[in-house]
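Both complexes below contain chain A, partnered by chain B and then by chain C.
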Partner chain A sequence: MRQTTSRNLLKNHLWLIAPAALMVGIFFLYPLCFSLYSAITLDNGAFTLSHLHKAFELYSNDILFTIVIVLSSVVILAVLSVTIAALITLSPFRSLTKTLGFLYRLPLFIPFIVTAQMMRTFLAKNGLMNNAFVASGLLTPMDTVSFLGWSGIIITFVWKQLAFSTLLISGAMAALDDSQIRAARNLGASRLRILFQIILPQIIPTLGVAMVLSIVTMMSVLSVPLMIGTGSPTMMTADMAFRINSYGDYHVANALGLVSYCICAGLAWFYLRQNLKEKGAN
Partner chain B sequence: MAHLHIKNLQAGYGKKMILDNINLTVEQGEMIALLGPSGCGKTTLLNALCGFVPVSNGEIFAGDRAVSQLPAEKRNITMVFQSYALWPHMTVAQNIGYGLKVQKAKRVEIENRVTELLNIVKLEGLEDEKVTALSGGQRQRVALARALAIRPDVLVLDEPLSNLDAKVRLSVRHEIKALQKQLGFTSLIVTHDQEEALVMADRIAVLNQGKIEQIGTPEEIYHHPSTPFVADFMGAENHIEWPTNDDAFHLSLNNHAAPLDIYFRSENAVLSTQPSAIKDDFHTGLVINGHVAQSVFFGNNYQISVRCGKHTIQADHDQNLPEHTPVTLRVPIDALYAFTKNEKHSEHQKNHAVSV
Partner chain C sequence: MIYPHSKTLLEKFNVRSFRPNFWLQCLFILLLALVIFGPIMNLLIWTVTESWYFPHALPSQWGFKYWQQVFNPYSDVSGSLFTSLLIAVLTVVVCMIVSIPAGYALSKRSMPLRVFWMLLFLIPQAFPNLTVYMNIARLFYDFGLNGTLLGVVIVHSVHGLMFSIWISVAAFSSTDPMLERASRNLGAGPFYTFFHIVLPQAAPGLIASCIFVFLESLDEFTGTFFVGSPNISTLPLLLYTASMEGNYQIASITALILLVPSILFMVIIHKFMKPEMLSKLGK
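And now, the complex of A and B:
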């Protein structure tokens, strides 16, 4: 009786989720499927791998460059955000942690394109950073180096994503029972030891989520490689924009999209597998 | 030799002082219970001992070392937490052996000590279990073993039994006491449960608003409370301010001319339904006439609320009584705790006339 009622309820109220489902369908699923379809078909609809072949032939260096940039950024990101979160959780200096807790959130509210513009004026050969060094007498104008290029892209990605991943990680650290840390302290453990042996092993899943989400975000940013990169090699998003804007070549652009989708899916699979393994062990 | 000596201790959070001028000496192998209501500062005292709350004044000596300015990791005072605080990513053996690992003890040594402790807390064979697979009682025993593994100078227990269900609580309570006798560790246990304190402790310190109200053996605290707060907290829940200006109360004490605060336990109030059945003798300190307001079944007896003028007095009785039954309560003189009110009506002193 109860089951029939709930079934009826489901039938009668299914339309409630229709607007949301329609939105997802029209604005997400359809473009995604169309993009995948376009990457592996000719104009007449026949199956082909030529677009993918062309994408690899022309842009394999850029694909590699993208992977290296994203992975380096994510490693630096992990180290920095764990350090900041640990300082906030473990530092005995309350005023320092309060300031840090406020400062690290700022980049969260600045869009990528503004960040990129900001970094351009900051990292260029005659940018704010070098000018400051020259003014303080640390460097002469001849010694200054431009950070625009691969290092600039990494710096921008890390700066922008730091707030997001630190927010997740410090949240996970704060959620740990404080008495777990106290228990370790009165058994003689130093703060560094507590970080590596007590806190980190317990927040690995959150660290994984923060890193996978950051990778996906970095893979999808166009403004940063366009504004801070030097042209060649560049990131895949810039190549996609170039194929469309210069040649109207949607097929190869979609083929590049497929490649970047596969990279993200691969990472997601790796992460999920790790996560399931841990759950299985528990 | 005093093993833990707390001298004029003051501590608190930020500008808020919680503990005020605490003096306490714990002998080697002694277990002291810190008893008091929520917010009286007993957990803050433990935290100050362990180094989790800064000490603003006074000194703590553990053994012959002054430890109040040392960081938590150098004090060699370990805590057993209310929430167990076990590390869920480690096995039972890793949890217990962690303190020794931190001290860079040899692997064989750690293994031997872990096995020894597992035997002591009766958890043999569980060394490779994840702590998340254990029951509450087992977890608290692992926490106890972990705290004892490094042979601390002082062991402190912060309401270790309050997360356990009633039956397990009794057995763990008994085990902790037996272990303390067997191993002879010096310990402080925080509790708000007077029965727990009476059963486990060698001496009890009753705390109220950051101060020690009374310290003594369980018998002293139970039978000779030195302040109204201690009397009330140790179960003398009936309170009368004398004089009551009420004919229902008759007090026969030596010096009952002075204003008094009188406390007594419900179990000591002898209830009779026939006013003239029992003759008043010199043992009876207080006679109260009233009528039954409520009767509640308590398992082995009934607790009767007796309405006497403005007061409601609780008394134990072996039979259920209907409401409005007229009754007489007689409280023996040695079951009355009377404290003279001083002029300010704020502080109390024990009335020595009662301690016969």
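And now, the complex of A and C:
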């Protein structure tokens, strides 16, 4: 009797999940597999590496550019968000940390496209940033340079993702056992030492998750390279859109997509391996 | 016993070293504020600019000329705003219909393969989704869904599904299972119990996930770019076109329309959202 009811319940529950699972399956997993399939086959279904070869031949510069941009953004992001989160956790000035806690979160829900538009005007040659430098006497109007291009893309990515990664990291820091920090402080450790030797080792997993998620986001944003980039070299997302809109060439676009999956997977693997190594060492 | 003594020592020690530290931290916050508000300021200035040429530090002519253009009932912007809102509302409806049952089922710990299902719904966020969007566009083309409202709503819903399911799992998990059981014991049917006992308890979380999905849909660019264009023009697409044409005033006003709900939402949930909560998400 009991067995049957629980089995019925189970069936009911699967039935409840089915629509959502089907939606993800049909509208995400199927196109995902299709893109992988399309990247390594000819139109008649035969296996080939020619699309990948062509993608590397045409866009190897852009692939390198993308990796450099994403890695430098992530490094800056990690340093900044750990700094902010550490200030919030360790700073003895409550009023300052409150302000900081509110301030860093403001860009959390601002969409990428709005950020791109703001940066497009802010970082331009006569944008507010250069104008502020000129007005304060740091630069003359003739010395100003436009930051649109690789540096602009990095700035935009960091500006947008900072709120998200700091939120995750300060969450991890707040969840730490307070007594450890207090004990270390009583034993005379400086705040900097507490950060590096007590807090950081414990939040490395969260830091890794925040960075991997940020990398995936950066690899799939189209608006920023289109609006901030200067054309060549550009990021792979812009190349894929170009390949499709101008040539209708799905094979090479999907081959580029495959490369971008591999980059993400590679970075995620690197993070996992580091994580496992540390666990092994302990 | 030792603690208060060492604390006063610490304070004494700190009094000397604090002054420069305090000002350093103030400086850091000030710089961060400049970095965050600078671009927003620039956007605001552009919305009330009529002309702004290179050597001028500020616009040479200010005015609301472009606002009238934007809010003219026959302009592209009001049409796009209506399309965007319609798509966002439909997306919320689809997401809720699909994720309320799924969230309820997944909130039961006894659910077999629970982790697997949760991870399945995480997948759309774990892959760079641009490649997927362009292949969806190709598939939709065969079914005549490209450039239709339905196509765009489907793409937005899949994107929003992860947020709506994960948040509704958390919402249903926080309901009291005893109340549900009591209701069933008193003879209420499963549907009556769900709608009158469980759903009201989970309502705050579900509303939060609605707002989240709504904002995500309002701001979505890449999927609409591939699936919706050229027939469907949402605000982000309009912003992009205006900006690429160098029409910064229209682009900035459109960006402001998108910016206001996101900042408002941020300020509203600032009170409720503690970073500590995030570390509990998905448990």
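As a working rule, the second predicted complex is superposed on the first by the 261 of 282 C-alpha atoms of A that agree within 3 Å, B and C clash if a C-alpha of one lies under 4 Å from a C-alpha of the other, contacts with A are read in each partner's own complex, and residues count from 1 in each chain.
Note that in this section contacts are C-beta pairs under 8 Å (C-beta built on N, C-alpha and C of every residue); 3 or more make two chains touch, one makes a residue touch a chain.
From a predicted model like this one, the values you see are computed outputs, not experimental measurements.
Colleague: In the superposed model, which partner reaches more residues of chain A, chain B or chain C?
Modeller: Between chain B and chain C, C touches the greater number of residues in chain A.
Colleague: Per the contact definition in the header, classify A:64: touching chain B only (first), chain C only (second), both, or neither.
Modeller: neither
Colleague: Does chain B (first) or chain C (second) touch A:106, or do both, or does neither?
Modeller: Only chain C; A:106 stays clear of chain B.
Colleague: Contact-wise, after the overlay, does A:117 reach chain B, chain C, both or neither (first, second, both, neither)?
Modeller: Only chain C; A:117 stays clear of chain B.
Colleague: Regarding the shared-chain residue A:38, is it in contact with chain B (first), chain C (second), both, or neither?
Modeller: A:38 contacts chain C only, not chain B.
Colleague: Applying the touch criterion given at the start, work out whether A:202 contacts chain B, chain C, both or neither, answering first, second, both or neither.
Modeller: Only chain B is touched by A:202; chain C is not.
Colleague: Applying the touch criterion given at the start, work out whether A:183 contacts chain B, chain C, both or neither, answering first, second, both or neither.
Modeller: first
Colleague: Tell me the contact category for A:192 with respect to chain B and chain C: first, second, both or neither.
Modeller: The answer is neither, since A:192 touches no partner chain.
Colleague: What is the contact status of A:21 with respect to chain B (first) and chain C (second): first, second, both, or neither?
Modeller: second
Colleague: In the superposed arrangement, what residues of chain A touch both chain B and chain C?
Modeller: In the superposed arrangement, which is not itself an observed complex, chain A uses residues 185-186 for both chain B and chain C.
Colleague: Give every residue of chain A touching chain C within the complex, in rising order.
Modeller: Result: residues 10, 12-14, 16-17, 19-21, 23-24, 27-32, 34-35, 38, 83-84, 87, 91-93, 96, 99-100, 102-122, 125-129, 131-132, 134-135, 141, 159, 167-168, 170-172, 174-175, 185-186, 206, 213, 216, 219-223, 226-227, 237, 240-241, 244, 250, 253-254, 256-258, 260-261, 264 of chain A touch chain C.
Colleague: Given the complex with chain B, which residues does chain A contribute to the contact?
Modeller: Interface residues on the chain A side: 177, 179-180, 182-190, 193, 197-198, 201-202, 282.
Colleague: If you look only at chain C, which of its residues touch chain A in the complex?
Modeller: Where chain C meets chain A, its residues are 2-3, 6, 10, 14, 18, 22, 25-26, 28-29, 32-33, 35-36, 38-43, 45-46, 52-58, 97-99, 101-102, 104-106, 108, 111-112, 117, 120-121, 123-136, 138-139, 154-155, 157-158, 161, 165, 215, 218-219, 221-222, 225-226, 236, 239-240, 243-244, 248, 251-252, 255, 258-259, 262-263, 265-266, 270, 274-279.
Colleague: Which of the residues in chain B come into contact with chain A in the complex?
Modeller: 50-52, 71-79, 81-83, 85-89, 98-99, 102-103, 130, 132, 143, 146-147, 150
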